[in-house]
Structures are given as structure tokens and as C-alpha cells.
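Note sheet for the following structure.
Just so it is clear, A, B, C and D label the chains in written order, and each chain counts residues from 1 on its own.
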Amino acid sequence: MNAEASAIRAQPLPGDFAIWIFIFAELTVFGVLFAAYAFARSAHLELFNAAQLGLNRVYGYVNTLLLVTSSYFVARASLSIKAGRSTACGHWLVGALGLGGCFLVVKLAEFHQDFAQGITLSANLFDMFYLSLTFFHFMHVVMGMAILAVVARKAYAGRYSAADHTGVETGGSYWHMVDLVWIILFALVYVIH
Amino acid sequence: MKSPAVLPFKPCTVSWAVLLALTTISFELGAGASGRMLMAAVLALTLIKGQLVVSHFMGLRRVRLEWRIAMAAYLAAVGGVIALAYSIT
Amino acid sequence: MQQVFTKAMARNIFLGGAVFFLAIYLALTYDTWQRIPIRDHADQMTPAVLRGKYLLDTNDCIGCHTINGEGAYFAPELGNVYKRRGPDFIKAWIQSQPTGVPGRRQMPNFHFTPDQLNDLVAYLQWLSNIDTNNWPPNIQG
Amino acid sequence: MKYQSQAVAKPYFIAALALFVGQIVFGLIAGLQYLYGTFLFPELPFDVAHMSHTNLLIVWLLMAFMGAAYFIVPEEAQTELYSPKLALLTFWVFLTAGALTIAAYLFVPYAHLAAITGNAVLPTMGRGYLEQPLPTKIGIVLVALSLLFNVTMTLIKGRKTSINLILVGSLWGLALLFLPAFYFPQDTVKASFGWWWIVHGWVEGDWELILGALLGFILIKMTGVDREIVEKWIYIIVAMTLVSGIVGIGHHYYYTGAPSYWIWLGSIFSALEPLPFMLLIAFSFKMLLARRREHPNKAAMLWAMGTPIMAFLGAGLWGFMITLAPAQYYMHGTNFTAAHGHLAFFGAYAMVSLAIISYAMPLLRGRVANSAAAQRWEMAGFWIMVLSMIGIALALTGAGIVTVVLQRAAADPMPFMQVQDKERVFFWLRELAGVGFFVGLLVYLRSFFISGEYEYAGEMKRALAT
């Protein structure tokens, strides 16, 4: 490895370190939730298998595509601002926000259908985990969108530059975390059975 | 600092396309099969997807080694615990 | 390049985290509030039950006893005492206090009327039917 | 002391320590009643000793927090307190109300006290820690409003440091979280659920912010480390407290009639509650190592460093032991909880109060630090109290183990009182450790009566003056 490459690989974490403490804390919470789900399923295999069939997996699939793409847009926003293009950065972020909004709409439609089917936190253990995990994640999407909205506004206002764009990377890192968690959640709750 | 233009697309664009493809494969696998093989396959795909997001979206491929290890360890730990729980049933 | 770590961002995370988890807790509390009356058979909280509850509160029973594990650990659990001892024993026991046995823990005599004793027992009976996820582990509380 | 008005903190600190003594006396009485049930009966039944013990604890901690606020807020805001007179008046109101309430507990039967204080109109009495009659509860609200008005006005007219914002913000939280004390649902399960808004909200939420602010202030003052660094870490630590602690309230909802999902949610989130305490230890010692001066008040430094460690032991470790639902199924409502309560209340809140008192009292008495002799007494008091409290926690844990083995998890469970008889040795150990604690407290208090200032080279004195 030449000197230049090792210098590239020695950069600090993108964005403010404070968000990374938060990201690692959140990942820990989700990690424990996933582990709890997995072991609860082992103990109640038949219940989980039966209840899982009630889910419409298409919702989960579509939402994964939406969130992954949204995350990609944020990555592009980050590249844009590094090239000094504030307006492009803002556009990518608005695109990401739009996809995040679509995610919420799809998820709400799914929740609506779930509640009509009588799924509640107290119905059974699978429903409890399904609702807790997805609602907890849903709230993260809302929070992430609030952060991205602030960052987008500032981007359009020209508050970031090629030299100073910590804010974009801070908000972006949080959004990628929300995406990362959903990718695991999708596999765990919707796909593997 | 510009990275050498080996690919016609940006690395994150390639990752995005791969992520969409892997998601579709996972989804299709889940429609057909079930059981341990499905679990192993989907879990492996998921960990690859996670690492793509970490490396190319979060941009952690450029950071110091300990952070890359921390993230990889997180994914490995979550995947490991899930695999363990699913294999003891 | 130096790692950026600002106080402003730390503060934002503190405030954002607080609001976020408070919102989650409020949503859960809303759900819990709907569920509790089902789990504790709130429709069976008769006037006698409520009078009995008031007697337990105003005589500081949880200053020595526990109700569903909450209170002081000086005297036995009351959540399932109705099932453990039955109504007649409970009434007789309360009336015969204090035992005055040297060195033993003492319960004061509260000079309850027969009506009040009935109210107390009604409340204890209601308590014993709450769905507490099978707690206590056995009848001894 | 930089501002004259900070002097109002002094009566608060003195009263706090006096009430602390009262708390320990009632604790010793209650502890002895575990062994000799007829001791002081019927003049002082156990429940009265018990509620005097717990209520004095709350009142002396509040006294210390208020004193700390009146000391810290002006100094951080770099301005005089908005109204020192109001602060002093509030002190006397609070002390009188507190003393009258304890006297009422001691001399008026509880049911009679309820009858004459309007409990039938607005029932609030008969819940743990909230046994106070209605007039006292209203008095607490008025005292809190006065404090909030005073410190908020001071904050507004002065410099707004993060320490001050966290401190004043958490005092607002403390007052708001007390308001559910006026809401006592007739449904016992709802009442229990809401009772934790106050109790958990205080000790596992809001008070941890106060702890963070007090500790941050002491560390800035004593180590000379850059304020920016201290304040951002305090923000991170209190953020972690709320991330884990708000939903972590679920660990009180497993077996009290609340829905079953709390078993999972409470276990998962409360399992993370030790994390902020670990961070607090790491942070405190990092600041200690990065210190830019040797402060002559060694005793205050000892308290400040002891606090995160003991808080971690009591709140983190002992709390974790009983927090997971499967373990709590057997430990709920046993002396495990009492062990955790003692070690956590002392390790976190009593110790941080004693830390700020240790730092501020010499300044309030016109010196940077007490004489070496006084500090030796104070540090001896520290060690005796800390070790005794660990002794109390271990003894109560022993009693808890016996209950779990013989009563909760046994195939042929024994009745409560029979099990209690088997635990006598642990109750003796607890009482002995309690006596030890009382001795430690007296040794600590002795240090206040040793006059003189810390002797140090003139060079250092000049350095500190600048």
C-alpha cells in the first residue's frame, strides 16, 4: 500500500463524532432487539412461522428498495458537496427526503392493514416484536427525515462548502444507519422463516 | 483527493445497483424456500448488503482501521447471534 | 484531519434523544392505558373495592407490606393474600393485632369496623385477580 | 466564592447534613425492628420509621440539590442570584414544612393525618416516597416554583453555560415530574404505573442529569480542564441516560399488572442503563488524568471520583442484577431491591451531594480548602461510609438470596415470616454495617469542626488566585 492510499484510509469518521456515539448506541439497541427476536422465535417457532405468513412481504420489499435508494441519494449529496456543488447537494437530499416520505406512506398503509387484521402489541409475541421493531424503526425514519430536512435547507442556503461540510456527513451518517438497520430488519422479520 | 477512475461509475452507484439486486434475490428466495438454507443464504446476503452500506454509503472504507473493524464486528455479531438462534431450533 | 466533535452536536443529540424516546414512551403508555382495565378487571372495582383501597392507602399498609412486590419488605405480600389465607382468616388476623409476642414483628390494631373489614377483603380479592404475568411465583408471595 | 449571593447555599447544605443524620437514625431504628419487632412498638411502628427514613432521604437530597443550584447557578452565570432573600425565605419554609411533616408522621396516626389534611378531597397519600399529606405536597410545589423562578431569572440575566442549562433544565424536570404525585388513580395498576413516572423519572432520569451537571461543575473547577471538553461529554452521558432510561422504565412494569410487552421492552432498554455510568467513570478519570492543577481540596476530589464508581456499582451493577425479567421474576419485592436502592441512592445521589458540599463548604466559609487535618477526618468518613454502605448492600443481597431460594424458587416454598427468621444473620450484618455507616457519618461531620485553612506554598496560592 502506498503512502497516499494509507493516508486515505486514515481519515476520521465522517461527520461529528457525537453522532457516531449515538449511532453506535442505537445500533446496540437494535442489535439487542434483533437478538431478542431471534431467540424468542427459537422458543416459539410455530407461533412465529404461522404469524409471519400474515405479513405482506411486498411491503417490506418495496420499502427496502425505497430506503436503499434514499440512502444512495444521500451518499450522492455528500459527493456533491465535496465537489462544492451546494445546490446539487440540496437536490439529492430533497430526493432522499421524498423517498423517505414514500417509505413512511407505504409503512403506514401496512400498519393500517395490520391493525385491521387485529395485530396489536398484546396479540401475540410475534406481533409484539413485529410492531415494536417496525414502529421503533419508523420513528427513526421520521427523526432522520427531520435531520435531513435541516441539512437540505442549510445546503440550499449555501452554508456548506467543499471545505466545510461536516453537517451533511453528520446527518447522512445517521440516515445510513437507519438504512442499515432496516436491511437487517427486512431480512429478519419479512424474509427468513 | 480523486480516486483513480477504474470504473465508469462511482463506487456508491455500483453499490446501489448491487444492493437493489441483492434485495430482489433475498425477496425471491424468501418467496420460494424456507428453513436453514434460506436463513444462511439470506443472512449472508444481508451481511454483504450491510457492509456495502457501511463502506460505500457511510464512507467508512476511508476511515481508520479500528472503526472499520468495529462496524464489521457489529455486523458479524448480529449475524452470528441470529444464526445461532436459528440453528438451535 | 482532526475528528470533529462539537458541543453543539452533543447538545442536539441530548435534546433529540430525549424528545425521541419520550415520544416512544408516550405512545406505549397510550396503549398500556387501554390494556390495564382489561388485565385488572377494572369493571369489577365496586364501591366496596374502592373503599377498601382507600383504607389500605390511608393506613400506610405498604409501609410494611408489598402489593404486587411494591412497598416495604417487612411483612408479607398482599397481592395474593386473599388466595393464600382467605377472607375469614384475614379479618380475624387484622382484628387480633398486635400479637404482642416478645421480639416478633408487630402490626398495629387499626380498629376497623366489620364493614371496613368487608371492604378491605373485597379490595384484596380484586387485587388477587389482576393478571401480573403469573407473579408471584407461588402462593407464599 | 465569587458572588456574595452564593452564600445562601450554606444553610441548605447544613440543613441537608442535619436531615441526613435524621435519616440514618430512623434507618437504624427500622433495621433493629427487623430483628426485634417489639422495639419502640407501638410508639413508633415500623412503617413510620420506614417512611421517616425514606422521606428524610428525599428531603435532604433535595436540600442539597437546591443548595448546589444556589451555589452553582450564580457562579456559572457570572452574576449575583436574582433574589437571595427569596432563596433564604424558601429555605425556612422548606425546612419548617419538612420538620412539621416528620413530626406529624411521628405523633399523628397516619389515617388521622389523612383525615385532617383533606386526603378525602384529593387523595394522594399512601404511596411509597409520596406519603406526605396534601399540604406538604403543595408546599413542595411552592418551594420548587420559588427555586425555579430564582435560578431561571439568574440564568436569563447571566452567562448561559451548558452546565447551567442542564442544571436548571433538570430542576424544571424535577418539578414537573413531581406533579403526577397529585394524580392517584383508583385503579391500583394504573396508580403503580404512574407512580413510576415520579420515582423512576427522578432517580433513573432527571436526577442523573443533576448528577451530571454537579459532577461536571466540580470537575471543571477542580481539574482546570477545558470547559468545552467537560460539557460535551456531560451532554453525551446524559443523552445516553435518557436513551436507555426512558423506555427502561419498563423494568418496573413486568409483574404489576401492566401489559406483557414491557417484559421485553423493559429488559432490552434497561439492560443498557449501566452504559452511561460506565461512560461517567471513564470520563471522570480521563478528566482527572488531564488535570491542569493540583487542587488542595483532596477530600472533594475523593468524593467526586468516588461518585461515578459507587453510582456504577449501585445503580449499574446492582440494578442490572435485578433488571432482566426472568431474574426479576424471583427477585421482585425482595431485599435485592433494597440492596440496589441503598447502594444506588447513596452511591449516586448522596455522594454527589456530599461532593458538592465538600467542594463548596470551605469556599462558603472563606477558604479554598480545609486544613489537612480536617480533610483527613473527612476522607476517613468517606471510606467508612462507603465501605459500610457496601456492607449494607451485601447483607441485604444475602437476605434476598435466602428469600429467593426458600420462598420464591423452592419446590416447597416457605411462608414469609419463616424465611425472615432464617435471614436474621443478614439483618444483623445490615444493622452492624448501618452502625458503621453512622460512625462514618459522625467522623465526616467531625471534620467540619476542625478549623484552619489548607497550608500551601505562597507560590501555589498566587497561582490559584489568578
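Going forward, a contact is a pair of C-beta atoms (placed from the backbone, for glycine too) under 8 Å apart; a residue touches a chain by one contact, two chains touch by 3 or more.
In this text the structure is predicted, and so the values were computed from the model without any measurement.
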If a chain touches chain A and chain D alike, it appears here: C
Chain pair showing more contacts of the two, A-B and C-D: C-D
Intercentroid distance (Cα basis), chain D paired with chain B, Å: 47
Intercentroid distance (Cα basis), chain B paired with chain A, Å: 14
Chain C and chain D, separation of their C-alpha mean positions in angstrom: 24
Per-residue overlap in chain A, given as positions that touch at least 2 other chains: 11-13, 18, 21-22, 121-122
Touching two or more other chains - residues of chain B: none
Contacts with two or more other chains, residues of chain D listed in rising order: 232, 235-236, 239, 243, 259-261, 265
Chain-level touch network, classified as line, ring, star, complete or other: other
Pairwise chain contacts under the document criterion: A-B, A-C, A-D, C-D
Residue numbers on chain C that touch chain D, as the complex places them: 5-7, 10-11, 13-14, 17-18, 21-22, 24-25, 28-29, 31-33, 35-37, 39-40, 42, 45, 50, 53-54, 56-64, 66-77, 98, 100, 102-106, 108, 110, 127, 130-133, 135-141
Touching residues (chain side chain A, partner chain D) in the complex: 18, 21-22, 25-26, 28-29, 32-33, 36, 40, 121-122, 128-129, 132
Partner chain A, residues of chain C touching it in the complex: 1-6, 9-10, 12-13, 16-17, 20, 23-24, 27-28, 31, 35
Chain A residues within the chain B interface of the complex: 4, 8-14, 24, 27, 31, 34-35, 38-39, 41-42, 45, 57, 61, 64-65, 68-69, 71-72, 74-76, 78-79, 169, 172-173, 176-177, 179-180, 183-184, 186-188, 190-193
Parts of chain B lying in touch with chain A, wherever the complex brings them together: 1, 3, 10, 12-13, 15-16, 19-20, 23-24, 26-27, 29-31, 34, 38-39, 42-43, 45-46, 49-50, 53-54, 56-65, 67, 70, 74, 77-78, 81-82, 84-86, 88-89
